[in-house]
């Protein structure tokens, strides 16, 4: 039984061999680039049909399907991330965490943004002074319950 | 000399007393809600003119201006945040950190999204199944240097 | 402007003075004992009407209302709790965390139990070999999104 | 001599191969789903007869019996769990820890809920707004000793 | 309302002033030295009658009774203790933890020693090569439940 | 050259194969159960004659002698132990650490209990309400030096 | 597909075998010593042409090129470094961190020095009292954005 | 007796009141800007004559001299710094630590750069694409001793 | 009742006022400099006669005697020290810890050096290349017990 | 290419096989016991001639020379050591750290003891009450620079 990490490594090998991008893979299975990448990295589970499409498009062995469907254990290595790209997002959460709380709760009331009923996209904004990364997070507002 | 935290407390007191929102304050000084909130919380420095507008609009004592202009030390209390609203963003960074790295670097090359040359907004997306929080981060792409 | 912790201390003082229990306070405001206790400890926000009832029942000063309505910052002191009563619950999460994941996801699919759209109760089960504590947690199942 | 982790992996392989659920396995050995899952994950020890039933039902090699009977070392990887399903329970302990202490000790006196003389169940509560996870913990109350 | 720490400080002041020992205080209230000390340090709750005896013997103000009866929150400052006397006990747990597990479970089966239904004593064993500290812990064995 | 951990594994295999207990092994080599167990777990060094007896009694290969004599590096995995049996002892040190300091130093003066010139035993105290674990620690008192 | 760490090990082996220095390797590929070393250690990505030059100069297998071009994950082992040479730089950041903030922001305004648009060199300054290490860091100033 | 932190606060107050910069203060006492700033922040000790000059130039009370001369305890708050300006330097040490070790020891042999016999300067390099921060560290090379 | 820290502050004030050194204070009470300093810092307890001598020599208030005699709680702030002077000793323990274990146990057998039955001195060794600090630790060897 | 750890293991094997001590090995290569042990453990680098002597005396393979000469990365496993022998030295640094700072800086001025230009020895002091371990550290005093 293959582990998710082994399937991820197989995907990376094919992706490099065939010179694919995450975007082309995502288009091939009809899902977004961010979700497809995270699922290929083993951080989300495929549905039956997206798994089939991925297996067909990449030519993965059939036995990988079970792992693609499996519910992932979502864990990460460093409590405080170190890679500069990831750290900058951690820094944003640190610097703007209380601000997000103030602004979201002002707009929505006492509650949170779901990280489960959630989508995210990454876009490129061209700019003569240097292109800009645009990350859009979209999560359902969940109000706190009183009982 | 007032500390930033003391000015923040003064702003909170007036805001509650006058029943203001961060959005009305932001409009009054002509800046975005997120930036205005973060600057009022002491995590960004005001420019000369935004400080003047804030002081006038809220009726803050003139002596607060110095603190509003001061460069903040941006620090946070818990390395792993605990308040559920803030934690969900930390979780997004943990779960999707490697995905963000893959997708951003695929689109832009080896480098990072700046958290300094950076803006962020929070919007409400109405939805019959429950309104959604939309957080948009926009940071300049900074390519790594080889020398 | 009173801080939530100050209101909590005021509630404790009155509760002891009048020899009240959390259960009688909860009954007086028409809410559950667990929620009422957590809101009095400053970990949940009162609604307008429950705040009014609490103020009236306990004879709290009117100025506490603002704090009772305020959205709490939910933080705790020790990442690994030490008080034996609280630690045992942490231990249950440690020992049975993977079990909960297996069983919940088997019954519901890939997703989580919400800790926001959530209720909890504590009951006493009489037993000749020693009474038993029954804690019931009830949270909405949130399926992971694919997009 | 097989380690518990090796027996767990063997159980997972058979479970997937035969398309079993934890619930069917639990029924086959006459124990609850939560306990059976935790014991199969190596976090509880089987009794002689439940080990025999499990071996027979799953067709495990006889040599696994010794490991199934062995007393487990109950340890977990992350002091603060990261997988969102498990984290939410940790968050409940953080947010409601003091509340649980107040309410349990109000009902029972100074003492704790045992995590050893303890049972737990997971149920599904159907709900048109979204099904709900119901987790019930039941532990003996242990009063503190004075001596 | 006095906090437990304030009552502890009052007890220390009287104890020093009257040149009492923990042993004489314990004898006066008819409890063991270890328990009496821990309760005076605020780590155990007094019963009604032991509180009365302590107040009378030491001449504590009547208002301390409430705090003496209160259920303590049992927390400690350093996860890894530093004071050499306390550290040596931590070291014993580290060095002999697995040994205690092997030997206790060999004698009693799968379960633990309760730290709640628990007593402890400290004795002096005279010895020409240097007196010896004898610490005796006595806790109820709690077998793990299968359900 | 065998590592201590390899000899420990060999001892466990023989112990299970021959259905021995730590107590019978200890009797065979004329040492206490606690010390023998800890030495077999690699946390204490055998003397020449106890190593010979152990090798003969268990039928260990002669080449294990060197490892049995070797001075152990005494380290443990989790700074805060997690297995419930071991954690309860850690909790005792946390809850009663200051009490032990008060009581020991009252009886002996300023100093500590040695964890090196130290013995420990585990006994079973039969009790109709449930048997009790009795752990006795006996360490030389070491007074602090002034120079 | 070779991992970066494997290519690093191959480079070390050739470097030792051919008695090369980082400086000669850097000269051969026309880049600085610091950058070349960091890229060979897997902490920066080669460009197409520098990868070709390195492969040719060192006689690396062609299959290493892919890894040399790959974007590195920049992580380090110890949050607080221990090797004395590295620790001294950590200490400089600790001791002089606030000083750097004061002086840089006095000269440049509110913002930071980029660690991405960044170069660094190491030079030897001969000195009769003992040669001196001169480390020069050069990073673009990035002003904070207000929006 | 004034603590160093109190003198630092007094210096900050005068500096703001008189609109001074660290550079003008440094020039007035004939020392570098970086050293002067760090000494005013309490992280270095003044010599007798620099203390006199500082007191005279700023008009500090004479009683501050003792504190200015006092040897500082050099400690910092966050093991991993959070303020973005300081964090970037920490990141440089993390990303380039092994590189610094390779390059310095290649140039100098086995040893370290002293952080005690050490100077540092901060300069501004004008650049049409954005000015650059130039930080130069200069420390004596200390070879390891063999004995 | 004065706390040890308050007595330490009083000693520092007098020491500075009278321009004393630790060495002169130590000579006045007939003890070593290291021990005297540590006891004045509150990390060791005075004997009756050394307390009297200290009080007389420094002119401390009589009420300080109780605190001087009190057994200290020996704790320190940073698990990994930061002040460079203290850190270097921590580094020595890190770099040479296993070496000390090898060499001491080779000379003495399986056991440890006591940190309780222990003395330490600091001397200056004059040297034309730079004076040297000589720290001598002297602790009783304690052999491990087998029982 | 052999790693230092592999050479260390080879040295241990020969040392045990030939029944050598660190002291005899040190004598054979004309260096001190402490330094020789630390270099054999991989925490210091050999010079060309001491490496040759060690290889000849122990009969190590010639290929080990490269590793013996290599500059070590000096890292340790546990930030707070656990083995009792090593912990006691950590405890000495914790308990006496501030004392060492006071006494060394009183004798030498503001600066530190070098851990690089440093020697250490371990001696046995015979004593009828129990032999004593004498550890002598000798490091160059490094005064802080003002610039």
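Things worth noting here:
Just so it is clear, A, B, C, D, E, F, G, H, I and J label the chains in written order, and each chain counts residues from 1 on its own.
In this section, contacts are C-beta pairs under 8 Å (C-beta built on N, C-alpha and C of every residue); 3 or more make two chains touch, one makes a residue touch a chain.
Quick caveat, the model's predicted, so the values are computed rather than measured.
Looking across C-D, H-J or B-D, the pair that copies the E-F interface, with over half of its contact pairs the same by residue number, is C-D. The interface with the greater number of C-beta contacts, when H-J is set against C-E, is H-J.
Here the spacing of chain E and chain G, counted between their Cα centres, is 55 Å. Centroids of chain A and chain F (each the mean of its C-alpha atoms) stand 49 Å apart.
Separating the centre of chain A from that of chain E, both taken as means of CA atoms, is a distance of 51 Å. Chain geometry summary: the mean Cα position of chain E and that of chain J are 42 Å apart. Residues of chain C in contact with at least two other chains: 34, 73-76, 79-80, 82-84, 91, 94-95, 101, 105, 111-112, 114-116, 118, 142.
Of all the residues in chain J, the ones that touch chain F in their complex are 12-13, 16, 77-78, 80, 82-84.
Residues of chain F that touch chain I in their complex: 31-32, 34-35, 39, 44-47, 50, 71, 73, 101, 105, 110-112, 114, 116-119, 142-147.
Only residues 80, 82, 84, 87, 91, 94-95 of chain F touch chain C when the two sit together in their complex.
The residues of chain C lying in touch with chain D in their complex are 21-23, 33-34, 37-38, 41, 43, 74-76, 79-81, 83-86, 88-108, 111-115, 118, 120, 122, 124-125, 127, 129-142.
Within the complex formed with chain J, the chain F residues making contact are 1, 66, 73-76, 79, 115-116.
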